[in-house]
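The block underneath contains the structure these notes are about, expressed in structure tokens.
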Amino acid sequence: MSTLLTVSRVSKAFGGLQALSDISLSVNTSEIFGLIGPNGAGKTTLFNALTGLYSTDSGEVLLHDKRLDNRPPHQVLKAGLARTFQNIRLFAEMTALENVLVGRHARTSSGVIGAVLRLPATRREEADSRERAHALLSRVGIAQHANRLAKNLPYGDQRRLEIARALATEPSLLALDEPAAGMNPAERSALRELLLQLQADGLTLLLIEHDVKLVMGLCTRLAVLDYGVKIAEGTPDVVSRDPKVIAAYLGDEAL
Amino acid sequence: MDIFLQQLINGLVLGSVYALVALGYTMVYGILELINFAHGEITMMGAMVALAVVGALALAAPGLPGGVILLAGLAVAIPVCMTLGLLIERVAYRPLRNAPRLAPLITAIGVSIILQNIAMLIWGKQYISFPPILPQGRHDILGATISDTQIAILLLAVLIMLTLILVVQKTRLGRAMRATAQSRQVASLMGVDVNRVIASTFVIGSALAAIAGVMVSAYYGLAHYYMGFLLGLKAFSAAVLGGIGNLAGAMLGGLLLGLIESFGAGYIGDLTGGFLGSHYQDVFAFFVLIAVLVFRPSGLLGVRVVERA
Amino acid sequence: MYGWLSVLDSSLLRSRWFSFGLLALGLALLPFLIDAGLGRSWVRLLDLALLYVMLALGLNIVVGYAGLLDLGYVAFYALGAYVYAWLASPHFGLHLPFWAILPLGAALAGMFGVLLGAPTLRLRGDYLAIVTLGFGEIIRIFMNNLNAPFNLTNGPQGINLIDPVRLGSTSLSQPLTVFGYTFSGVHLTYYLFLVLVMAVIFISMRLENSRIGRAWVAIREDEIAAAATGINTRNLKLLAFAMGATFGGLAGGLFASFQGFISPESFNLMESIMILCMIVLGGMGHIPGVIFGALLLTLLPEALRYTGEWQRSAFGQIYIDPADLRMLLFGVALVAVMLYRPAGLIPSARRRQEFADAKQ
């Protein structure tokens, strides 16, 4: 078990609000790591800090021993950290296939000359990208939607599409922000299957989720955030019994 | 030092005019996040309409005191501009409230072109001069001169700005405007008639524009169908300089820009060893705009907004 | 793809030879038909229209593909024109050949695009619009005033007696007689412009359906998601800007050689807005739409001139000068299109969807 992602003492404030205070955690290769906590705890903020959308005030983020903090998002992606968004950010006017093709952008290189002259290398790259994109669509189970506009896809399939797009970037670590939000139990179960399969294929997953059952059954380890502070870390069993965690979710009276 | 005080006075007067126009831009942007390109043209319309009235009265009733004629001009120009503002909002902007960002921007440009050309068709392409009805008094202050017109502009501008601050801070409408600027959705959920608030914003902004237009044409003694474009652009720069969406910022930005332009034009010859002359005056506003947007986009008094993922 | 235009880029060329040949023949004969039907001045207008097609396609890359609102596009046009004028006129006494200075002007315009874009492309849509507008105006003011202390641009009088394009001993401003047929200067210019416009169309189409084109659309759709998916948004925006600028500069050089005379007046804000109008009216991001918009807005005002004659014959005098009417109608057209057909007159199927959904 080697460490893939190391977050050391990351802090982030917005004006007077300390959104993240001294967050440290590490994610090991091939594990599914869960990030939970009440609303507003700073989970998405942490994701944004990890993926370069926010700068950090202090602390370090290391992936494969490469520093990722305060790098622009596309560089973080190239280093191997891909993400999905809480509110689904697909390219609405592009087809599902095109969305996934955009995911191939970071791993391909043909430029203007190649595009205009249709050089053999460019044509090969295009063909390869298309093949991979189709394969990914099948893998997440939405191959039938390949030529539909992303915004016309049913909600659950949109989430899968976002995952497919992230997978196209060949990440080492996939960070999913509430992937099960808005899904019915059948969809959740299918999602669970998909995530386990991805883990079996060697991918490491970092997950923000509110669905407690899903999280407990899926994650190897968890970290709990509350008001920007990590209040607990460990296996689901340990964390679910931690009084601080219970207080954070249910209030002190629950104890 | 000999020209410093003069440039200071000129700058403040010019700046007050910019401030009045800038207020219109900043209020609309605060609520709709739309740059009302047509605002400069409304200023122009205010000037042209007032001038038409003033010109006609001066000919028809030469005995009337200058102040009365001017007031008559204002009395016509202000409602005309308010109506224009209302019309434009209703016809050109409201239908596009939910359209992709580019759409209302392009429409605004279209409206601006329409207004400009209507003015051109009505009043022609020549410069129209202000009849000599204004008091011509000049006063000496420490080697610089300040004219009655300049004093009047300064006083009126200060009065208007104070009134506006009062309206925005103390009245129900003002509260509704501030709420809508913060969050349209929540304001409407709280019972604010958002459409009326937006319409009021345009109306108030247009009234200010009309007054500013009259001031400018009185100050330079001229009006022209193309005058709104540059004035509008500069006033917008002033609004951005102060912090778009922020009323105090618009006032501050306006005054600052007036000063920058005035001092710049005055000293540019010395600063560049005669390479650039004062006819480069107009570019100051542009440079200020670009500099602010590149280095401090929230402006002097603005708040930094972070986009949340 | 785009129906008959895809003929240019189709691997099914074999089955389209007929329509391709027909199109080519039509385009080749067009100047003669127009000359015979409407007169020489209309052929000249056609040449100008082709220039605007080039400009519109260039701006289309910036606005239509990447979604960056550039209101100062005319600055690149001006730069290309002045570079040509500096290197091929009596102004500095240089008379370099067109095949050297056209690419140079285009390249310089492209570089200027990168310079302008580097600090400003991170700005949000409406701010970018104003900043580019400001730059366009600054360029115009400088060109109007840089006749002292060193006469760079000859100020408001501009530069004239610019060399026309010369191919070997053939000058594009003089008639050419081949096999007994006489091609006038404007005819020859038409063919040169046509070839170059075809090249620009070709490049645009290839880019649109490539990795780069997809990245541009992604940026336009959702810049944050695009960056999070690995797209270097800064560089790609710069690329779009630079490509648009390059085409603008190319058109500028051609304009200078075609007209023989340039002055800052030709490069004002209205020009930028008009080119934007062509794209918006025709169909943003959609090549056939853009071409249609450019042709429409160049040729229609000419047709408007006839209303002057009509007014004279109907009313005895001209009430509204057709030239003044032109800009007013542009303004009305912009507003009307945005309200009723925001995707343009010939939109791509998707854009129509995008705007239709927003209306709900």
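Letters A, B and C mark the chains in the order given here, with residues in each chain numbered from 1 onward.
Please note the rule applied: a residue touches a chain if its C-beta (ideal position, glycine included) is under 8 Å from a C-beta of that chain, and two chains touch if they have at least 3 such contacts.
On a predicted model such as this, the values are computed, not experimentally measured, just so you know.
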So the chain most remote from subunit A by C-alpha centre is B
Centre-most chain by CA centroid is C
Take the average of all CA coordinates in subunit B, do the same for subunit C, and state the distance between these two points in whole angstrom. 34
Hey, how far is the Cα centre of subunit A from the one of subunit C, in Å? 43
Quick one: subunit A and subunit B, Cα centre-to-centre, how many Å? 48
Shared interface positions of subunit C, touching two or more other chains: 224, 228, 354
Which subunit B residues touch at least two other chains? 309
What are the residues of subunit A that contact at least two other chains? 53, 85, 89
In the complex, subunit C touches subunit B at residues 63, 67, 69, 71, 119-120, 123, 125-127, 129-131, 133-135, 137-138, 141-142, 145, 148-149, 224, 228, 269, 273, 276, 280, 284, 320, 324, 327-328, 330-335, 338-339, 342, 354-355, 358-359
Can you name the residues of subunit C that touch subunit A in the complex? 202-203, 206-207, 210-215, 217-218, 221-222, 224-234, 239, 243, 350-351, 353-354, 357
Within their complex, state which residues of subunit A touch subunit C. 51-53, 72-74, 77-78, 82-83, 85, 89-94, 98, 101-108, 110-112, 114-118, 122, 125-126, 129, 149, 151, 165-166, 169
Touching subunit C in the complex: which residues of subunit B? 33-35, 92, 95-96, 98-107, 109-114, 116-118, 120-121, 229, 233, 236-237, 240, 274-277, 279-280, 282-283, 286-287, 289-290, 293-294, 297, 307, 309
